[in-house]
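Next up, some structures in structure tokens.
Shared chain: chain A. Partners: chain B in the first complex, chain C in the second.
Now for the complex of A and B:
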């Protein structure tokens, strides 16, 4: 069993996954509370375009990811209007970004292997150098959540009261989008941009169904995310397959189980 | 060049793109009215899983897509009303479908059944490699969806615009919702074949939403939606054939055109909204005068 840690790429993958799962678990909780999960769906696709562009120009795909997800977050933060309309705008920005990604892939001479790795995710996605960058980035984002946790919670649950008490709700909303963009960029090399959404949203969606206390929900969400990525990486290693699939499938099964148990209890109470 | 105009490759691409545009333009009209954009996206991701599964099993990808998404509609159809507006549930189902698709692709490239670039065709469209068999199937799906939507047009319009009133007038709202989702599954499959799973909203959502922003009357909006979709498909196709820079896929041009159309239609939307507000306002003011 321990042979899995024999390879450097597996140690890198586990270290990086542990960090991003923790961040994803917290970020997802706030995205759900604020009804912003669609941003978690769109930002990975936007990031993919950046990765493909970076590969085409000969840069690191991770750099392209970060630049594009940040730009995307900036664009989304500027959008106004009711949630449904906002989601349609985001959807069309996503289509534009994906089309650009396709353009970069087509312009690349030959088979753009690193860009595909970002799209589908891979165990080999993270180098030693990138692990260090990811560790530093995760630390910074972790500190953001430690300091901003209470105001962010206040602003998410009761924006008007928070605003009246002098909490900078708009700034916090924009900051959360920026943090989401960075977390998406860190998750993408492992799960692939197609499946970042699951790691970001599913653990928090399950946790908020199991407990009403925000702190407990965040901790549970992080714990679930960790179990999810560790199991997925292990299965992907032994079956020589893509980790993203296992993340999505396990999350789906756990969510389904929680909902079924809920429905059963509901019926018995009635 | 003359041989190019008569080549099966070119006419297959034209026929496939037209079939997809017509089906998507019509289904997209009701999709926008019913605010089911995210459900449409989930259906295309389920179709993506079906197509990559079909590749693994050696079946026609379009048949795989349609089979998977029709089954999914029948399975999830009862959840239709409850799924609406539940982005998290839809998102988790959607991710699971994408995950399955990625797994099937991974398995079929490992077993040597297909090259990884084939999976890219599923995600971003593969008009250049569309087969005659797929084109015929796409034509059938297009005719079926257009016929059914034409037959159900008035009750479906009523049920989409005011479901409560429609129900009280005896319109079978629930059956219509399920029927529409089945048609949507067919239309989404054909669209997926042409522009790929990630870009389906280029034909399914953008033309119809823009049409509804420009036109208030349902028939005008529907006609505009069909015209926009076919226009985007043809211009995109022409651009792919005539733009000299390497091999840029037609779906790139279609996606950029549709996003441009959508954003260009936004001023018309806010103008119309202002008109509506002014109209309501004057109605409120009149009795006092």
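Now for the complex of A and C:
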């Protein structure tokens, strides 16, 4: 079993995955509280278009990813109206971004390898330097959540009363989107844009079914995310397969199990 | 209750209200004194909720002046407690009753609310004041409309306000629960001496404890006792059309308009 840590690339992978999972678990909790889960889905897709565009123009895909996710976050923060209409607009932005991504890929002469690397991630190919950048970024973004924890929840629950008490509700909402964009930019090269939102949505979705306490839910969400990525990495190592698949598949199974147990209990109570 | 000699805590001096670029009230004038229970009545769109937002400092009057504790209203004033309309809340969040009430204490502060005995005791006390201590650990999303409303009031009480602004606290409550809610608010007002501005569609549940009503309709307003304000002549004048007020078994019915 310990042979798994024998290789440096596996140690780096575990470390990076641990950080990614923690970030995803916390960010996802607040996205769910604000009803912004769909924005969490859309931002990685938008970021992919940026990466593809950067590769086409000869820039670093990471730069394109950061620019597009931040622009996407800014655009989504500006959307008004009820959640249904807002999600419709996010959907339109996402579709347009994906179309652009496709165009950029087709314009690139040959096989746009770096863009595909952003799309699918390369957990097993991370260097020590990249892991250090990850650690610093995670620390900074983690501090944002510690700082904004209470007013962000208050503003999500009751924007009127929070605003009356002096909480900058709109600024906090926009800040959460910007932070989500940065989380996506930090995590996408590792897990791939296709699977960032597995970690942004699934662990928090499961945790919020299991407890009504916000602090417990955040901790549980992070713990679940960690268990998911570690299990997925181990399975991927031994079966010589892609970790991303196992993360998503395991998350889905756990969520399904929790909902089934809930439904069963509900029927017994009635 | 006779008017007390103390100065008013809230004054509207010919204050105009705009909503969505449209003038909905061109000059409201009234004074609210410590411990008074005033119902804000009127049809949809008359500016009842907007009036509360002016008091909270979230909106500014388009003309005239508002004085709250002798100064213009501003946000972050802990001397007022506020519960918004239900429809503006996100009820499906991961929050316990205790967390909701705790927002009233320190929801505006940065950082996290770490467990601490004094904080817990204050929250429990506020819960007890609204007969909701048994709900403390329950998930907000699983509570009934009446229970949720009580928690919001407990939240509003945590800053020891001198004025409570309640926006439609009786919406989504049936008659007996509405009466319980009114009795609770009245009890709080008597024990704490808190003034209450109570926005409601239906005046009947609040009749037993009202000092005054503020009636908004047709861009105009009147403040006075129920007997003076809710009359066929007065409401017809406000609405600018024929409105009939009927009394039956101590209940008032306003006919000819959508309230």
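Following the convention adopted for this analysis, the second predicted complex is superposed on the first by the 264 of 270 C-alpha atoms of A that agree within 3 Å, B and C clash if a C-alpha of one lies under 4 Å from a C-alpha of the other, contacts with A are read in each partner's own complex, and residues count from 1 in each chain.
The working rule: a contact is a pair of C-beta atoms (placed from the backbone, for glycine too) under 8 Å apart; a residue touches a chain by one contact, two chains touch by 3 or more.
All figures in this text were calculated on a predicted structure; none of them were measured in a lab.
Student: With everything superposed onto chain A, say whether chain B and chain C fit together or clash.
Tutor: Overlaying the two structures gives chain B and chain C room side by side.
Student: Looking at A:211, would you say it contacts chain B, chain C, both, or neither? Reply first, second, both or neither.
Tutor: second
Student: Per the overlay, which chain contacts more chain A residues, chain B or chain C?
Tutor: B
Student: Between the C-alpha centres of chain B and chain C, what angle is found at the C-alpha centre of chain A, to the nearest 10 degrees?
Tutor: After superposition on chain A, the angle is 90 degrees.
Student: Could you look at A:160 and tell me whether it touches chain B, chain C, both or neither (first, second, both, neither)?
Tutor: Touch status of A:160: second partner only.
Student: Mind working out whether A:33 is in touch with chain B, chain C, both or neither, as first, second, both or neither?
Tutor: Only chain C is touched by A:33; chain B is not.
Student: Touch check for A:194: first (chain B), second (chain C), both, or neither?
Tutor: So A:194 only meets chain B here.
Student: Given the touch rule stated above, what does A:9 touch, chain B (first), chain C (second), both, or neither?
Tutor: neither
Student: After the superposition on A, what does A:150 contact: first (chain B), second (chain C), both or neither?
Tutor: A:150 sits against chain C, while chain B stays out of touch.
Student: Thinking of the overlay built on chain A, is A:59 touched by chain B (first), by chain C (second), by both, or by neither?
Tutor: Neither partner.
Student: Tell me, in angstrom, the smallest C-alpha to C-alpha distance between chain B and chain C in the overlaid model?
Tutor: So the smallest C-alpha gap separating chain B from chain C comes to 6 Å.
Student: Residues of chain A that sit at the chain B interface in one complex and at the chain C interface in the other, please.
Tutor: The overlap between the chain B and chain C interfaces on chain A comprises residues 32.
Student: Could you pull out which chain A residues touch chain C in their complex?
Tutor: Contact set of chain A toward chain C: 29, 32-33, 35, 146-151, 153-154, 156-167, 207-208, 211-215, 217.
Student: In their complex, what parts of chain A are in touch with chain B?
Tutor: Per the stated touch rule, the residues are 32, 37-38, 41, 45, 84, 87-88, 91-93, 95-96, 98-99, 102-103, 105-107, 111, 116, 119-121, 192, 194-195, 197-198, 201-202, 205, 240-242, 244-249, 251-252, 255.
Student: Report the residues of chain C in contact with chain A in the complex, numbered from low to high.
Tutor: Per the stated touch rule, the residues are 53, 56-58, 75-76, 78, 80, 82-84, 88-90, 93-96, 99-100, 103, 106-113, 137-141, 155-156.
Student: Flag every residue of chain B that touches chain A in the complex, lowest number first.
Tutor: 35, 37-38, 41, 87-88, 91-96, 98-100, 102-103, 105-107, 110, 116-117, 120, 123-124, 198-199, 201-202, 205-206, 209, 245-249, 251-252, 255-256, 258-259, 262-263
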